[in-house]
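Each of the next two complexes has chain A plus one other chain: chain B in the first, chain C in the second.
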Partner chain A sequence: MKADTLLIPQETEALISGCEAIAQACRLADVDVITGYPIRPYDTVMQAIAKLISNGDFDAEYIIAESEHSQFEIVKHASAVGARVFVGSSGVGWFYAMEALAVTAGLRMPVVAIVGNRALDDPGAFGVEHNDAMAVRDLGWMLTWVDTAQEALDTALMAWRLAEDRRVLLPIAIGMDGSYLTHSQVLVKVPSQEMVEQFLPPYNRGELQLHPDNPITIAPQVNEDWLIEIRKQSDDAMRRAKTIIPDVYADYHRIFGRGDSPFFEEYMMEDAEVALLGQGTIAMPIKVAIRKLRAEGQKVGLIRLKWLRPFPTAELQAALSNVKAVGVIDRDYSFGSPFHSGVLATELRSALYSLDKRPPVVGFIAGLGGREVTAENVIEMSNITTQVAASGKSDTETHWIGVRG
Partner chain B sequence: MSFETILPQVLEPFRGVKRVALEEYFTSGHRTCQGCESALVMKLMIKAAGARTIVLGSTGCMYVANTTYYTTPWVVPWMHTQLGSSGSAALGTAAALKALMRKGKMREEPINVIAFCGDGGGADMGLSAISATLTHRDYNCLILLYDNESYANTDIQLSGMTPYGAYTTFSPAGKAKRIMHKRWKKNMAGMMAAGHPECRYVATVCASYAVDMMNKVRKALSIGGPTFIHSLDPCPKGWDYDPMFSHELGELAIQCGIFPLYEVEDGKLSFYGQTKYLVEGRTKRKPVREYLSRQGRFAHFLEEDIEYFQQKTDEMWEKWLIPGVIPFSNA
Partner chain C sequence: MNPVTVEVVYRGIYQKSLAQRIGRGIVLAARKEGKVGVSFGRYGDSPERNGIPAKQFAIVADDELELQITMARYEPTIVDITIAVDDTLCKGVESWAWYGTQPINKLLHADGLLLVTSIHSPDTLLQWVHRQPYEYDIAIVKGPASLSGLWVYKDDHTDVRVLGTLSRVAPQLFGMNALEQAILQEWNDNLKVVSAKKAFDRAVTRRVRSEEGNPAPVQDYEKPKYWEMQEGIVVKAIPVGKGFRGEDEGGFQPERNPYFKKYSTRTMRPVVDFDTCVKCTLCWLQCPDSCFDVTPEHLYDANMEACCGCGVCEAVCPVEKCVTMVNETAFIDNTSQYEMWKQDPQAYKGWVQEKISQEKPVEHRSHGFRYRGQYQEEIAAMQKEEEA
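Up next is the complex of A and B:
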């Protein structure tokens, strides 16, 4: 152990945005190669990183790519050589990189990315929707959503440890609600380098490293001979990741005192009869509404989902087994899906289906394009869910909330 | 202005064919067509570069036909990259090496980085990424474009580098339209040299002149920074000729003046080989008919098509500001 790790670990507080918190995480993780390309709202993270590098506070190769496709291809190849990497995008920029996103997962490169969630053009819109990041949910990307700048920093540090774990080796995308989280400044505890070094080991590809000392051939053509076996390996890795996530959170909690609930945050769920479920910054108006509803005697609680991939099926089954109805608030859409629901509602119905006694699920679509979801909107959704709970029957209608006529 | 490169390898030119390295780093295990000139380009490219090299290969013949799981012809580390990603693959690999060596996470030594692409991957889809990479002076890497003038791996479809009028599966000569493909081929090496004034080395090569070709690769890797080589590779399947004539067709392309051999080193242009003789007037350009008539892909050409092809080739030599390189003139 180096002498300086024996010093008492220190955290400092800083007034920073979600994107600036991620930039601090990149510095603390000693990331080697970073690529940027401008698109709102994620790009403030690259501006923050650029300042750290130009001021000599952080040493990394910082490459401005000529497109998102190149941005993601560059870090994919840097990762193969053994560099710790960071990248990110938003909205249609994420889609411009889609080929690179697919092969990054196919190659099991431990790339850590943020998605500053943004609606997909056209028509142009800067505000948050989750469809950008969700587009990779079937490809072998681990997907998590965070709610605060603190959680963004903490989750990023955990992401490199998880992604680079030899039992996992999967890329991770961290969803951050555009504007609400990417640009809002709050007080964030920034750990010391010594604390991070206790938690995050160096990236070591071992015999997978592309180097003249280890002359391997990566990604030859496999065709029908081997592809299904390789897909199964990705499936196994995602299953293993599910079991490793709680260990990583526990270790993070041991060192930093934060990160005690790995898969979802539960808010006033102990005696809840009606649960609302969502992800990202929508948790805030939901919590405000729940406090109002509780004051009126309604037993409503919140589950804020953190990990969409791997999906915490058993944990959600346990957490929701005693409620009378679940209202799922999607900040996304899946046109033509079962019951015309958003993605979360469809996934939750699927996750609960194997239960003998399962609560009815009500689907809501709200806050698209960055439209503010108010406490009143949440109360409306809670009331609909409460009515379904009283009837005991599933509501097959998906409710769009706050849509003008 | 100083650039933060790591030092490149020093690779002196091979002084004649008898002094060429004996070691092979592209060996058995591939299944390219008989007479495939691009496979020869791979073999010569890595022979010139040597063992301390990482090769990135974008999708195309030299991916699909070369590397099938359980076999690989590559003795050096090799990785696939996407069709349009040769520039990004080179950049990412070079950046990682540089970062890891600077930070003491990897033993410091000069390692060559070569990314290759076909004409479709390089001159069509991958153009913007290659262009970007050629402006990054901080990274040592070579992008080698092997140009067999079609998307040959996917069944011979026309690319932006397919010559005027050529028969491809996307431009078949039919009853109503004899010439489906009317676009003139992109001037790729000239575009790279003219468009990236800080790129220290751009060259055209043809494996018919193997020692020259290898020495251009060695110079591109030694000079430092990002570099670009464009290789013209006769393709028996796509061009429709007997595989035994690959070497001759490469020679004819140069002797007819269709594909000039030159290098641009630190902003200075020099023609070499047979092209130098043409430029100096020591030999005369052969008529393009000699080149076109040896290939089935031009079998539908009438006299007027050959004349048009000859006229456009003449323009390269008589009207361009720099013959075969810069396609405009002082007004």
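Up next is the complex of A and C:
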């Protein structure tokens, strides 16, 4: 074997769940500090990380906190002193950490978290809804959703690079659908350490690092003379992040051959007259349904949104300007919102509003509490959207799909 | 080919690791033949509880597109192969309080395969397995149910014996060569390969005809519409009971959820000798499921529709061999023991003797159930502690 072939980076294949894939990403990114507090479905990642550490495959400060609030406070502080960090939670656990979540974004700490999406109590339930992670969408957290264990691993590696970028320094939450993604074991390509080192530079906070050699004060109390400027800084950072995301994906694609579409995945959109839009694992039954509908001659396509924050407004405007109607499938709710829509439908209507020629948006709420969204459900939603496209009029009704009654 | 869907029905906690290993083994072995797959537990079963029937699934397909049809699901609606890793599950499984007891072969389609680990013959198992209007195959992996604890896995090779049997009777999943490679990759254990090959050699299937099986009707259920449900997440309580068998007076029988029978959790059941009972009430007080009906003469009849087989009654009973836990496979139905005794006390005595003599005495059950005399031991220990 020639010497240079030995340097070709290799990937190995493993049968692992989405949470186990995230644990592998933590190992490959050589994360320094990890905090945990158990709640389903996120906690599978705690087990996977504990196993990696106890097997001697991974070395990190692994702290089990006494609550989610402390769990998120600890990584925030560790991030301030220059440690690469990982954390996560689910459902009401994420909410228990809310104060820490808000200050993490305010302090511009590049914390990378997963949210194993879970319905909020009450009633106690474990199935997926996206309202938990969405609670931070206005605070300066970047928010992304993944749909496979492979994408979970890839996105986590990109997340540290993006969050820790000196031009960004914002926390990132990766939404992972409970059960379907967190708990299903599939075949995943796990990159080698060498490949990851080519992609992910060490975390360097520079002059913002809290260290005895760099005496600084973080977050003194301010009054009305200061705060709006600080908010504008976060706004600028989020705007910059939007421009950096494509570069990060391009570089990831160069090394790993995956991650070629940064903001959303387009499936059979080239000639689509009707588009469906959703995020997370719901893309799987949507794709199955689209193949069936296409076989019957219906020109339906899918946009699987990856980044909710920053929201890819211009890109979505371009992708949807020629369709006759968009059906937005929300796995979340926003009671009392305009048209009683879910969050995605409201955001998309807003994003398309500035277009001179804009397609009508049809809102759907489906799959709450982990209810399966079947290909038949998707065909029902596609048919409603097709009817709206034919009528050319906007549809202000929000359709609840699969509800008994 | 179409995707091949396998479900592993198992006893919660006691067989969780076993079911996961079988699920992973199926996907890893199929991968050696270039296929793809997914392995996942039924999410709603977790957090698992001791003995409650639970499910693991493995789905194998030729490519990712084909596999996608099966993805993002909680539970497949139809399966090609059902594996029951404890034969008492053949009596029916009940995972949720509102479904009632459902047949072990509920999801199995015509010409599918039911694979059971058991020391019994297919004929014996078919006394319990619900009748289906179509034919399918049954295969036995000979041996007792492999039951472990949550943290300790009893590696008795049941996992690879099931996989070895599959490679023979379901070659559409994977062949023996692929399985051998997968076993070595996953467990790096040549002995496991030997066990898998032995199982392969011994595997036989038998056709189950549509007139075979337990003809008992399957419980029906209907979930309410959203506007029929009480607002505020309020659920009405089940009323307290009445007298024995619903009479106004004499004894006591609690009212029970008609859909939640609990007996599919049972791997053994108490056999009560009413002639030696001293009416101390301990079994009735300690039973965590209130399964004892109090008869008008203040005897305690373990209601076999409500008993989950935990063994507390045997552990607390102060009379020798008054309550004895006996393997569930020794019984065909849930007939009331008290009524058998009332009808013919002499015949009942013989029946009790026959049932309890089959049971090998065990000091500590492997899978967490209590044992005879445990209560007295615990009381003595507590007294000692108090004195100290």
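Some observations on this one:
Note that the second predicted complex is superposed on the first by the 399 of 405 C-alpha atoms of A that agree within 3 Å, B and C clash if a C-alpha of one lies under 4 Å from a C-alpha of the other, contacts with A are read in each partner's own complex, and residues count from 1 in each chain.
Just so it is clear, contacts are C-beta pairs under 8 Å (C-beta built on N, C-alpha and C of every residue); 3 or more make two chains touch, one makes a residue touch a chain.
Just so it is clear, the model here is predicted, and its values are computed rather than measured.
Per the definitions stated earlier, placing chain B and chain C onto a shared chain A by superposition produces no clash, and the two fit side by side. By the touch criterion defined above, A:G336 reaches neither chain B nor chain C. In the superposition on chain A, A:A100 makes contact with chain B only, while chain C stays out of contact range. When the shared chain is aligned, no partner comes close enough to touch A:G56: not chain B, not chain C.
When the two complexes are overlaid on their common chain A, residue A:G297 makes contact with neither chain B nor chain C.
Contact with chain B, but none with chain C, is seen for A:V33 once the two complexes are overlaid on the shared chain. Put simply, if you stand at the Cα centre of chain A and look at the Cα centres of chain B and chain C, the angle between them is 90 degrees to the nearest 10. By the touch criterion defined above, A:L187 lies against chain C but remains apart from chain B after alignment on the C-alpha atoms of chain A.
Contacts of A:S67 after superposition: chain B is touched, whereas chain C is not reached.
Among chain B and chain C, the chain that touches a larger number of residues in chain A is B.
Remark: least CA distance from chain B to chain C after fitting both complexes onto chain A is 16 Å. Counting contacts by the rule stated earlier, no residue of chain A appears in both its interface with chain B and its interface with chain C. Residues 13, 15, 17, 40-41, 122-123, 126-127, 177-180, 183-187, 281-282, 284-285, 287-288, 370, 372-373, 375, 403-405 of chain A are the ones touching chain C in the complex. Taken in their complex, chain C has these residues touching chain A: 23-24, 27-28, 31, 36-41, 43-44, 46-47, 68-69, 71-74, 223-228, 233. Of all residues in chain B, only 51-54, 56, 63-64, 67-69, 71-72, 74-82, 84-85, 87-89, 91-93, 95-100, 102-103, 105-106, 111, 128-129, 131-132, 136 touch chain A in the complex they form. By the touch criterion stated above, chain A contacts chain B in their complex at residues 30, 32-33, 59-61, 63, 65-67, 69-70, 73-83, 99-100, 103, 202, 210-212, 214-223, 225-226.
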